[in-house]
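Please go over the structures that come below.
Common to both upcoming complexes is subunit A, partnered first by subunit B, then by subunit C.
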Partner chain A sequence: MDLLEFARGPAMQWALILLVLGTCWRIAGIVFLKRKPDLSEPRSHGQMAGALRTIFSRSVPARAFRSRVLYSNLLGYTFHIGLAIVVFAYQPHILWFESILGFQWPALPNAVISVAAVVTLFSLVALLVKRLTSPVLRLISNFDDYFSWAVTVAPLVTGLMAVADVGFGLRYETLLAVHLLSVWLLFAWLPFGKLGHAFLVFLSRGTTGALFARRGART
Partner chain B sequence: MHQGKTPETLGEELRRRGMSRRTFLKFCAAVASSMALPATMAPVMAEALAKARRQSVIWLSFQECTGCVESLTRSYAPTLESLIFDFISLDYQHALQAAAGHQAEEAREAAMKEHWGKYLVIVDGSIPLKDGGVYSTVAGETNLDTLRHVAEGAAALISVGTCAAYGGLPKAHPNPTGAAAVTDIIKDKPVINVPGCPPIPEVMTGVIANFLTFGRLPEMDALHRPIAFFGDTIHDRCYRRPFYRRGQFAKRFDDEGARNGWCLYELGCKGPVVHNACATTKWNQNLTFPIQSGHGCIGCSEPDFWDKGSFYAPLSTGRWGSAEGIALAAAVGTTVGIGSALLSRARQSDIIRKG
Partner chain C sequence: MSTADLDQKHPLDLESARIGVRKPEQRYDVQGDTPDEARVHAAMVNFVKDFGATAATYMESCIHCGQCAEACHFYVQTEDPRYTPIWKLEPFKQAYKREAGPFSLVYRLLGLKKKVTTAELKEWQELIYDSCTMCGRCTMICPMGIDIATLVGQARHGMFQAGIVPHELWSVAERAQREGSPLGATPSVFEERVEWMGDEHEVEMFIDKDKADVVLTMSSIEIQKYPESMAAIAKVMNHLGIDWTFRTDGYEATNFGLLSGNTAWQRDMSRKIVDAAKQCGAHTVILPECGHAYGALRWQAANLLGEKLPFRVLHVSEFLAEQVNSGRLKLRKVDKSATFHDPCQVSRRGGATQAPRDVLKALGVELREMENAGDYNWCCGGGGGVITIHRADPLRYKTFEIKMAQIDKTGAEVLLTSCSNCRQNFDDSQAHFHWDKTMHSLLELVADNLVEH
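Our next item is the complex of A and B:
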């Protein structure tokens, strides 16, 4: 079995298993946690509305902090949107999703994907520079932050290398295999580190929103 | 087919046959071009070939379908006839030789004895190793014994076709005969692989012509393939590549995209990961190749191509295993999650009770 076959077969199967197992573990582990009993009189019964409102309101920075978080916010949005374009609008990726979901959707031309990937990559590098140069951010960063950054950037770099067929001596099939393996590493790591926000972000925002609504706080 | 014990040089023989120097140079230019050699090599090749003596070749056919020989007989530059009659002495080949039975085996032994250490061995077909190699025998001898015996006195070996090069179809899962490639067995002789199911005839004849000219095998890659023919992928040289770049793909074999000649990636073309000369040397006198005829590359010249999933599954799809495996992972993950939450609850209750 060559590297590409390993990447397309067993490595992919195990990465998916780890992704699903870890995601279910994290979600079930949080959902079934003991809740602190709130004995106070509820100020509002619109807890569901509060949860939904918070999910959206927290996507926009509060006016008071807007200027201070503008840089990270803009770059954050840029790389999230860029990543979504690369992952969901590139034809070979759509075919991969189709092989699992059974349906596909229209793709964007390769040139658009390449531009999105490069912009995403630069945004991620700029955010790392900020993390390294800001004393506060550096202080609160740990292995999880840097490793999560690395496993997010790796598929972008290896994917661009495979598309451009720039492998510094490596053949295309090796580049493709390395790209696939970097994606599987992202899959395997995703539920266990801070990248878990991919499926926990709305759960945590909703919980906070519902709690705040019960107490009558503005969210 | 062997001509005699003291063969004249090829130059003398060609002149005797009435081949002009111009024709001979044209032939050498065609071979040099197919091997990606510079045009200046044609006269050098002509000179070397003129001085060379006819090369003794022993062709061994094992677990094969004769498709490789069929392909070789369709070669046009140089033609098989010109190779056999002008440049090599094909001393043993089941399908093409006139001799049969014991006479055939005797001819092989005689050629081996006469050209010991100098003859070329061409192998097509894989070699069964299971149960002592009993699944394929010729004249009561297993293919494994024949290969070892004949390879002992060979100058070099050429594995023709994917079966000889990598085990091919006989090696496909579950490989009932324990089929193996020549390179799995012969370790002490130079071996070159010319894979393909079948291989491109010009690649086969080009490799033979290279050996005749330079007295050695051409430069090879890690899989023992001649770099001149296997250096690029099909995708690298495919005329449909601009459609791939633009994201224009045929979705079905009979849709508008297919009729417009768009990229066949979505229909399972394996061109991006297959190394061969199909897109440049092509087939049927440089007329066409599978992608040009509307079908994606199936990667027949790559190791284990038969076991790499459907020919029609796009390259990026992978094999994600069974839904049962994923469902089991979800069940285990949920159970572990609930378990850890319950453990946490018990601890919390314990703390509250104590505190």
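Our next item is the complex of A and C:
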């Protein structure tokens, strides 16, 4: 079995197993903890509505805070949207999704994908620079922050290299295998560290949204 | 238990702009002689004790974006990164991941998260108490929606059991538990002062009635420092013809059990009011102009006591708004401009943001709101027990500069709030800065402008 076969076979399977099981384990480890009934008299019964509202509304910082967090929010939005374009709108990626899900959707032109990938890469680098230079971020950052950054950036870099066939002497098949392996690393790590916010964001925003709605308070 | 030693142990200062325990000559910020190991254990056990799905969700969700710092008055005014709200919970986050999270086994086996030490907890005392008012502004900015203020409250439970509480905060909490009030407003002092205010303002007072529809409560800051508010609420109640009473067995709404982190004391303090109200068959308990008293009785008491409360709990501003909105309470117009400082626990965290504004409308004042007033209001910096801690004074004054600038910008003639703790912080800071503005009580303004039938 050569490297590409390994990447396409067992490596992918294990990464997907870790992704699914890790996610289930982490969510179960939280939601099955005890949940005491709240005996205080609610001001409003719109908890579900409050949870849903906050899941959406917290995507944009409140006006009171906007100017202070503008830079990191713009960068954050740029790289999240950029990543989504690269992951979901690139033809070869769509074919991979089709092999798993059984259906496909239209792709964007390759030039658009390349631009999105480069912009994403730059915004991620800018965020790393901010993390390394801001006293607040330096203090609160740990291994998870830097490792998660690295496993997010790696597929972008290896993907761009494979597309451009710039492998410093490596064959295209090897480049592709390295790209695939970097993606599986991202998959395998996702449930365990901060990247878990991909699913935790709904839980935590929803929790606060429901609690505050019960009190009739704004979130 | 005798309370004779309290005056020697925790001498009160009732003369200053900020009342509380006199500045200690020697601080004892660590209580008892428990060995270090046991302290850490107690802290963590009590931190995770009432730790359910909600807190775990929050502990798992932080993405270390650091935005909470930008919402915190302590960080914004000092730019000290240690005041980043989520950093204030770092040892507790560490302990959670190591002991309780879904991957705790991995963390422990591989030694990825170290055990928290007493030295760390002592270092964090300043972050959990001196530099957090639990105002919850950080909760509003967090892109993950983490309610950091609630987590700080839970961390305080751990700190109290570990015996690592700032000296003055622990002192007033102990006073409150042993003699019924953190600031010396014992039942007999309370009764005396109620009678005094009744005579002084010629208003009929009701105390210890067997049956009453409404039980009124007070905060010790009002009893000792702003006793006029007792006359003010009595005047409004009599004017409305409501059947009300004060109860010497349940009058103190201040809850230093909550602020210091002692859940058992918090429950005892709430229970007194609940029992008193039950005994006289009240359908409503009205909380005074005090922020955290509202959180304690309105949202937490039922859960601590494990039973639904058989009466309504209203903050006095909510009560006044109800009366005004239903047309029962008519007020004279006050031809002035005013600005209103929102007490965090009543507005942002209590959901009663609109109530004082309805009252102000009825008073006909020209309301000049501060920037971000209401749910995004800047905290005055004195809540959460911070004002009791002497060593936190420089930090508290620093954060108060935000308020002065905000208020000066409105150009309003009258400053109003409905929290006596905020008011006391305004008084003390006014004296410190020789500021030309004085904070007033919304309730007292209402009582001064009743339209006689």
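In this section, the second predicted complex is superposed on the first by the 217 of 219 C-alpha atoms of A that agree within 3 Å, B and C clash if a C-alpha of one lies under 4 Å from a C-alpha of the other, contacts with A are read in each partner's own complex, and residues count from 1 in each chain.
Quick note on the criterion: a residue touches a chain if its C-beta (ideal position, glycine included) is under 8 Å from a C-beta of that chain, and two chains touch if they have at least 3 such contacts.
Because the structure is a prediction, the values reported are computed rather than measured.
Bringing the complexes onto one copy of subunit A puts subunit B beside subunit C with no clash. Look at A:211: by the touch rule set out above, it reaches subunit C but stays clear of subunit B.
When both complexes are overlaid on chain A, the residue A:54 reaches subunit C alone and has no touch with subunit B. Of the two partner chains, subunit B and subunit C are each touched by A:28.
By the touch criterion stated above, A:201 is placed in contact with subunit C alone, subunit B being left untouched. In the superposed model, A:109 makes contact with subunit B only, not with subunit C.
Once both structures are overlaid on their shared chain A, subunit B and subunit C have a minimum Cα-Cα separation of 5 Å. Of the residues of subunit A, those at positions 25-26, 28-34 touch subunit B in one of the two structures and subunit C in the other. Per the touch definition, subunit C reaches subunit A in the complex via residues 50-54, 56-58, 60-67, 69-71, 75, 79, 81-82, 84, 86-87, 90, 101-103, 139-147, 298-303, 306-309, 312-313, 348-353, 372, 375-376.
Those residues of subunit B that touch subunit A in the shared complex are 233, 235-236, 244-247, 249, 265-266, 272-273, 275, 303-304, 308-309, 313-321, 325-326, 329-338, 340-342, 344-345, 348-349.
Residues 25-26, 28-36, 38-41, 43-44, 54, 58-59, 61-65, 68-69, 72, 76, 134-142, 144-145, 192, 194, 196-197, 200-201, 203-209, 211-212, 215-219 of subunit A touch subunit C in their complex. The touching residues of subunit A, when paired with subunit B in their complex, are 1-2, 4-5, 7-9, 12-13, 16-18, 20-34, 91-93, 95-96, 98-100, 107-111, 165, 171-173, 176, 180.
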